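Two complexes come next, and they have one chain in common, chain A, joined by chain B in the first and chain C in the second.
== the complex of A and B ==
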């Protein structure tokens, strides 16, 4: 392989890995929630508010870690409200999610303007430190991708692997999946369906909030109310493509991110492939995956169905 | 003190309780919004005055309110058909874009050298609207096919297809249809192809009348026809509908076509009435807000029309308020969303009562 080609591939893979982080965090959150039977379309809003909290927390404290903590707290907090609407009030999950995104957009841009004033001073948030393994980082192809990322990336991978372990290897995970497949049977087996679903939606808030922190503290360093721009929704696609499996979510998130990264770098060249086709490709695969054409779709059976103990 | 919910023996279903709860939700939402004016040292009174005055009590502003309400209404009517039939369609955003694309396609064919360049403008516009509606219907119809024939999940499919539509339009305006210039957009359509303005001194275009007519048509179909009855029955309980001899799958596919067609038509109307060209950034959440207006209108045609005008007015008024007084229009987003969420939350009071300390009952 030529040196320029190798350099291109190395940069591409590294850029893909960099873009994977927030997508993966949001999808892991969404995945936990969906596995418990709650489709959280509101994840977009959670990510946005998490980003805001991360930015403000990091600027005020001067520490990116406090920023990430603030984002996690904010994600959980707003998802307390979502959990209440989804699980206690039992409103339509789709409707609550859509309107929550509008609310989050309003809150984020209002709060940002109120706090930062009319002309916000452009102040960069302190960024998460990068880990760089000497020697290994200079490996071709995978060196920068695997051994030169932000510390948050490694935490994200651990979270994904940990979620997989919890999901398939512990009683908690089994109960969670049972609640999403057949809540009545789960309840008969002594599982508290309501509590389990609330926990799942809170976990989703944690993932969504941290995803927001990732955008601010690893990728951009600033906050704008357009910072998320549909990337919360990508999490929904990743979960489908990963077939609701946390391990596969790592690959699916990487897939979405790599098309984004490729489109970005191809804009520099003048190639006959439209960049939009590349970015749209993972969505097309997602549509096919959930279309039912290739076997029945295997989403959790009770997805989107509120649980009524007395019905 | 312990607060808990206790099930009512009989749910509240009277019309009064609906009105009371709606009024309560709107009031709480407005008060909440009023509080948000305070950090800007503005009185809520002035803020709301500017907002409502601009949206509903100035001719130009009200015209713009109705322009904004037009696609909301049509998406809302589509929501009524699809959702009442048990087809939880979230793909209106995509249908709007595809419809806008289809409409533009015909319009571009009427430019110099195009195959429609000698046709009468009225014919071109009619063809454009029909083609936009057709493509929107097919886009949603595909989701309907996948759900009813293959058991796909319509919510997830439609959400993902929205992105395909966004990227398709982005590709067209940045690539083959792009006009020379800085912006990714198509050539501006000639003036004789624009939908006529129907109220002097405003931007209100004839598309608003099409929206009203489509509302009447949907009302007739849903309330007066056998097809509508079967659709509603399919949505209420597909199993008993099937037992009663209704072909649920076919009705749902028809509902998908109608809903997508309405949204596609709305997209084409937006091109011919407002933008007069296809451009990037056309997707602004109208396809989702339209669903919300249908819910606010309690899934009825008149209710949806009123909710669309109110919702559109708040948005228009919010922007005008921001220009006039410098107050952020994001307050309006918060008020709009709070009202809807409060309405959903108070729904629980119809079946449950709040119990304080286990003794006093409210």
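== the complex of A and C ==
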């Protein structure tokens, strides 16, 4: 094969890093929520509505930063509803999440059509600037991957690291984990379980909304109601693979993204593997992740269990 | 006063008579168009709708339904047929087998689906399908990409993993490598028509490995491919509609599907009695597919007149069958 191996590897790593961003943001959001005991299957819908808000905010204001802000706001706003259903109404978390995704799809399609109906179809939103470190960016293998990314990527990594610090080094983090492990004991220790869980679901909305913004403001500059394509669900798998640990989530998200990118890269070689098998790679990893092949992991003990103060 | 009125009447009568002769053939022809998507999608559906509007201007009696879901299609189509429309057009693959089934019940009316005829089915003589010649079109784009390239490779991003996509990918690679010996043709099939992020990375992957011209055969995945390729300084070729707006300075041209022309042409066949169903209509490649760049055919900043002439030469050879893609 006449493709230089170095160029192949460099491109593969760079593509993996680019695909990591939105997966990581969604996973961090989901992880915070699950750590507090709330499984938010509705994250797919939150990401989609965040993407819509990012697009509209960015084209109306002309600034990608306003777009990202709008996405963060939208993510938290819709998660107010989810938090109410999960924590206050105490409805089944899985059912609410699935129904919410269907609802979000309908809302996004309808709103996009209604708002954009009269405007030409192809209107690109202003995108986040890329940071390019001169010299370092041209390094082989990791140069483009680490020193030539969108500014949003570096912010994403900071968010993941910051979440790890919050979760393991602050009282807030300790309280959050306590609520997800044994809410009764947490309540006895004076922690407001309901409030803590609501905060966690809102933080999940923040992560999901920003993940949506990532698609629009970093990757494609456009909104379509299909752009999320199940990546919210992949975030659920990443959280399990990362064992509910924000630092490991960085690696897990990168692992998933690199499988996605590998499925594309490998097609450049004339391998005797059908394309279908390559395209299925990331999903194979998802199945392996949730099946416990990578070691058994223990989820937060009170995950999916609504908290009743009087029982 | 009365003089003015009389002259007005004479003038308007003359105008009516002139109009009458101009559209005599079309006067009674009624055309109904059923669209699976929105007339404002700026692509597949919008094109057909433009054709319908042109027919209206020519004196045809028209009707249409947009955003008709798969489940509602049979009812909507039969509604138009029962209302006696001379021609019912179904715009997309969704109408393939349906038209073969129901057209027999309405032998006096014509049915046209803008997709290929369903296999293993006898096509009634009043149902017509169209052959878009996707592989031939892909061969043309592979040749154009090769002619535009100054680098080592060119690439195509494919959508859903199906025989059409695979065939187009192979034809593109074949044409690129045949047009410029030594050039490498890449193809990445993403397996998805709607994943823009993946389309972007597919384009980036090929560019990272030396490609400098990217084409696509995927709807929204393709939009991502254009975005990724143009942001990395590669040239791009659009597909299905005029995609100039996505990347004006990086876009060489877009291969736009001439749905407006197809709709008009078939309606005229029905109007003048030359309509003949029972199979597939195979229009010339240059009729089904139009290279467009805004108001022009191509971007003169990226493609010289000489290169365009070379492309047109290959394009016409593919059209005539002189060049036939192996795939």
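As a working rule, the second predicted complex is superposed on the first by the 278 of 311 C-alpha atoms of A that agree within 3 Å, B and C clash if a C-alpha of one lies under 4 Å from a C-alpha of the other, contacts with A are read in each partner's own complex, and residues count from 1 in each chain.
Just so it is clear, contacts are C-beta pairs under 8 Å (C-beta built on N, C-alpha and C of every residue); 3 or more make two chains touch, one makes a residue touch a chain.
Here the structure is a predicted model, which is why all the values come from computation and not from measurement.
Student: Name the contact category of A:8: first (chain B only), second (chain C only), both, or neither.
Tutor: After superposing on A, A:8 lies in contact with chain C but is clear of chain B.
Student: Using the superposition on chain A described above, determine whether A:30 touches chain B (first), chain C (second), both, or neither.
Tutor: neither
Student: If you stack the two complexes on chain A, which partner ends up touching A:114: first (chain B), second (chain C), both, or neither?
Tutor: first
Student: I want to verify the contact counts: of chain B and chain C, which reaches more residues of chain A?
Tutor: The partner with more contacted residues on chain A is B.
Student: For A:287 in the superposed arrangement: first (chain B), second (chain C), both or neither?
Tutor: In the superposed model, A:287 contacts chain B only, not chain C.
Student: Check the residue A:102 against both partner chains and state whether it touches chain B (first), chain C (second), both, or neither.
Tutor: So A:102 only meets chain B here.
Student: Determine, under the contact definition given at the top, whether A:44 touches first (chain B), second (chain C), both, or neither.
Tutor: Neither partner.
Student: Let me test your reading of the model: by the given contact rule, A:89 touches which partner, first (chain B), second (chain C), both or neither?
Tutor: Only chain B is touched by A:89; chain C is not.
Student: Now for A:279: first (chain B), second (chain C), both, or neither, which partner does it touch?
Tutor: A:279 contacts both chain B and chain C.
Student: Hey, what residues of chain A end up touching chain B and chain C alike?
Tutor: 113, 276, 279
Student: Of all residues in chain B, which touch chain A in the complex?
Tutor: Where chain B meets chain A, its residues are 5, 7, 36, 39-40, 88, 90, 146-147, 150-153, 155-157, 159-161, 163-164, 167-168, 170-171, 174-175, 285, 288-289, 291-292, 295, 326, 328, 330-334, 336-338, 340-341, 344-345, 347-348.
Student: Which chain A residues qualify as touching chain C in the complex?
Tutor: Contact set of chain A toward chain C: 2-4, 7-8, 10-12, 14-15, 18-19, 22, 113, 117, 120-124, 144, 215, 219-222, 224, 226-227, 229, 231, 260-261, 264-265, 267-268, 275-276, 279.
Student: Write out the stretch or stretches of chain A touching chain B in their complex.
Tutor: My answer: residues 39, 41, 85, 88-92, 94-96, 98-103, 105-107, 109-110, 113-114, 118, 225, 230, 233, 236-237, 240, 274, 276-277, 279-280, 283-284, 286-287, 290-293, 296-297, 299, 303-304, 310.
Student: Within their complex, state which residues of chain C touch chain A.
Tutor: Chain C residues touching chain A: 38, 40-43, 46, 161, 166, 184, 186-192, 194-198, 200-202, 204-210, 220, 223-224, 227-228, 243, 245-246.
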